[in-house]
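Scrolling down, you'll hit the structures one after another.
You will see subunit A twice below: alongside subunit B first, and alongside subunit C after that.
Let's turn to the complex of A and B:
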């Protein structure tokens, strides 16, 4: 086990800078998830940790060793690839033992380790099969088996669940979590799926355009996003981001056209001067539906455009201040398409972002 | 009663229509359509392959010449071939020896493929240069190499004498010990470009992630080549081997132009011997027996190779 320290890491491809000087300290045994949209630099970062990409600038430390110049095999890492990277001509046993053959000469020890890994991952009956005879989930488990037999300092996962169907993805997600609980080694996992990031990570590193947008626990990232981008990326459905103006003509408020909402004292202190353009962030679950003519002062009049019942809850789509909003309400609440109603937001959960910079206020 | 009769008649009509439909099924129509599409090739195959082969087999059991009517000969020609014909055995030995050029060519082609597949400047130029020998006419290749081997004006003798390695020129194509080897070198030179392209295509179909996984697993370059590249190139290698063996059976023009089977029968292959037997000494019946033997030997070799390749010679797709 080992901590991983990344300092000022950069990757350039000619004139294009894919990773722009990131700093990240990963604790020993921590499960870190690098998440972001395609092209944000998360996979490049992982590949630089693995030694599969040269580092243009910066440092990577694994434990107390600077690994910048070390080849992959000397970094004591194991990696699970998106397309599994199983050797198609070898049996499951040979795939799992491949890495051990270059490290351990004792065949009995290799056999013991492979059988132990196969037992953990439920692969024992499949050891003689070739990869093409396995399902997607089984292949993924073999790839994980190949990693765990090595007992490496760091596990690297490069979008390992992307090729699986939705049901299997959930199942394998749990298996990865279970594996981490069992081995308690440092895990660095790359994904573009925010649900995967939220469910797996001890800490999430959200990347954008080659830079880190925010680092935090899933709860921190979800509840207190540092930027509007983070707010829009994390959460399904994402946070509602409604353009508004700070109005201090009477008591502190934010105004969306004809409608306004009062600001708490804490938010008012950060909201800035009268007339400032802001973006109001509200999670879909932070609304309560009221009748069509509610007398509540902090409520928004809406017309429901679309109703999406999900079983566990119902999503209501509406327009507000020219943008589409979503509210998540309990399923027992019977709402019809086209219905007019008042939505009462939880004012304590409002997040304000500067309209120009997108940074949280 | 009338109504009942009417009903029965209508039922019969419907039954007949239903019967016609069930016979003329979509599957049958598709089969017919495929057969119509394949028919031209099948007819050509029948006319120029199967019928001559059948006729050859019949002819090999007969005494036959252009001047006399055919007589049944039983195993006479085969007996002569296996028991009394030394030239046949020499041609067979040379043909099998010539097959080794396929192995040598494949080994060289793998080396070249690895080199020109590396990230080097101008690799496409190198590939093109190496491949350029393949589309040349075999007769042209034979003439080029006759000049290269020439005792007086040849490039090799000139080079060897220039660096002082030899005093007397070597008659490569006139010597019993070097003539066959010299032709094999020319054959490899011509075919190596094709082998290389087949091997490169096989290499390109190996996913790069396998090498990345192997390097993380601790395998060095040689171990990656030996444990991943070579096993995954098996279909390509067997395809090359099959092509090489076909060539060793059909390299008539190269031998004909370079040595015409000589000196003596030192470069005689089965194919040149068949030709000479049929058209130089007009023993068409005996040539037919030689052809039948060659055909079945080649068939068995092809089946063995295909079995060793797992029935996937030429396959480039990696089942992942």
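Let's turn to the complex of A and C:
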């Protein structure tokens, strides 16, 4: 086990800068998930940690060693690739043991380690099979087996679940989490799937355009996003982001067209001067539906455009101040398409962003 | 996918063309077992009174078995060397390094130089190595073919990059990655290398003619030339000789046919 320290890490491909000076400290045994849209630099960062990409600038430390110039094999790390990278012509046993043969000369020890890994991952009956005879989930487990037999300082996962169907993905997610609980080694996992990030990570590193947008626990990232981008990226469905103006003509409010919502004292203190353009962020689950003629002061009149029943809850799609909004309501609440109603937001959960910079206020 | 029935017009053209291409082979085979005059008119289509006398004559009038074994040994050396050297060079070209484009350009340029233009330096090198009049000396210029380097490179490029990367992270040395990960997955390229090296070194006449002094290191093409010089009216025995010399090549091609065609088209299409 080892901590990983990244300082001022950059990667340039000619004139294009894929990673723009990131700093990150990963604690010993921590499960870190790098998440972001395609092309944000997360996989490049992982490949630089793995030693598969040269570093243009900055430093990577694994434990107390600066590994910038060390080849992959000397970094004592193991990686699970997106396409599993199983050798098609070798059996499961050979796939798992192939790398070990160059590190351990004792055949009995290799056999013991492979059998132990197979036991952990439920691969014992499959050891003689070839990868083409395995299902996607089993292949994934072989790839994980190949990593754990090495007993490395750090595990790297490069979008390992992206080739699996939705059901298997959920199952394998749990397996990865279980594996981490068992081996308690430092895990660095790359994904573009925010649900994967939320469910797996001790801390999430959300990247955008080669930079870190926010680092935090899943709860911090979800509840107190530092930017509107983070708010829109994390959460399914994402946070509602509604353009508004700060109105201090009477008591502090935010106004969207004809409608306005009062601001709490804490938010009011940060909201800035009268007339400031802001973006109001509200999670879909932070609404309560009221009748069509509610007298509540802090409510939004909406017309439901689309109703999406999910079973566990129901999503209501509506338009507000020219943007589409989503509310998540309990499934027993019967709402019809085209229905007019009032939505009462939880004012304590409102997040305000500067309309120009997108940063949280 | 097109149905089988939709292919019949194409087959209607391909079948007669294929038959036409096979006519010379059939003629050689027929003459070798009958000894008929090849200029006879009208020509007979079916062989009459076939016999193997011409084969016996070709086998015993010259040391055919020696030539045959020598050819096999030379081809074997060339094939093994080509797989190892060309695959290693092709693997190296899958990496990104400074000067790679220049090296590929030099390779391409070298392909345009005919072998005849390099015979004198090749001969001098062979003399200096003490390999004149040896089977190794005959095989040496066939140890690497640039086109096969490119075929191996295309084959390796088509494999997922994660395979060598995974092995590298596990600490597997590069030569092991080549031999144990990449080569087993590049079977079409290997088959192509085997077939083409076989054809080129099996048929080579000029180079063995220059480096071979003695009959006991001669290969089949040299033997064929000597055979022609010994006998005057030898058409049927000559054809028997040709048929015997062709058999190994045909066998190699049929064994590697499917992989060979895949190898030649590797990299031509995605996925």
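One rule holds for everything that comes next: the second predicted complex is superposed on the first by the 361 of 361 C-alpha atoms of A that agree within 3 Å, B and C clash if a C-alpha of one lies under 4 Å from a C-alpha of the other, contacts with A are read in each partner's own complex, and residues count from 1 in each chain.
Note that a residue touches a chain if its C-beta (ideal position, glycine included) is under 8 Å from a C-beta of that chain, and two chains touch if they have at least 3 such contacts.
All values reported here derive from a predicted model rather than from experimental measurement.
Novice: Is this a clash or a fit when subunit B and subunit C both end up on subunit A?
Specialist: clash
Novice: Contacts for A:132 in the overlay, against subunit B (first) and subunit C (second): which applies, first, second, both or neither?
Specialist: first
Novice: Does subunit B (first) or subunit C (second) touch A:102, or do both, or does neither?
Specialist: Once the two structures are laid over each other on A, A:102 reaches both partners.
Novice: Answer with first, second, both or neither: which of subunit B and subunit C does A:13 touch in the superposed model?
Specialist: neither
Novice: Counting only touches as set out at the top, which of subunit B and subunit C does A:52 meet: first, second, both, neither?
Specialist: In the superposed model, A:52 contacts both subunit B and subunit C.
Novice: So, A:77: does it touch subunit B (first), subunit C (second), both, or neither?
Specialist: The answer is both, since A:77 touches subunit B and subunit C.
Novice: Go through the superposed model and pick first if A:89 touches only subunit B, second if only subunit C, both, or neither.
Specialist: both
Novice: Is there a shared patch on subunit A that both subunit B and subunit C touch, and which residues make it up?
Specialist: Shared contact residues on subunit A (touching subunit B in one complex, subunit C in the other): 50-52, 71-73, 77-79, 81, 83-85, 87-89, 98-99, 102-103, 146, 150.
Novice: Would you pull the subunit A residues touching subunit C in the complex into a rising list?
Specialist: Those in contact with subunit C are residues 50-52, 71-73, 77-79, 81-85, 87-89, 98-100, 102-103, 146, 150.
Novice: Please name which positions on subunit C make contact with subunit A in the complex.
Specialist: So the residues of subunit C in touch with subunit A come to 160, 162-163, 165-173, 176, 180-181, 184-185.
Novice: Which of the residues in subunit B end up touching subunit A in this complex?
Specialist: 207, 209-210, 212-220, 223, 227-228, 231-232, 234, 318-320
Novice: Hey, which residues of subunit A end up touching subunit B in the complex?
Specialist: Listed in rising order, the residues are 50-52, 71-73, 77-79, 81, 83-89, 98-99, 102-103, 131-132, 146, 150.
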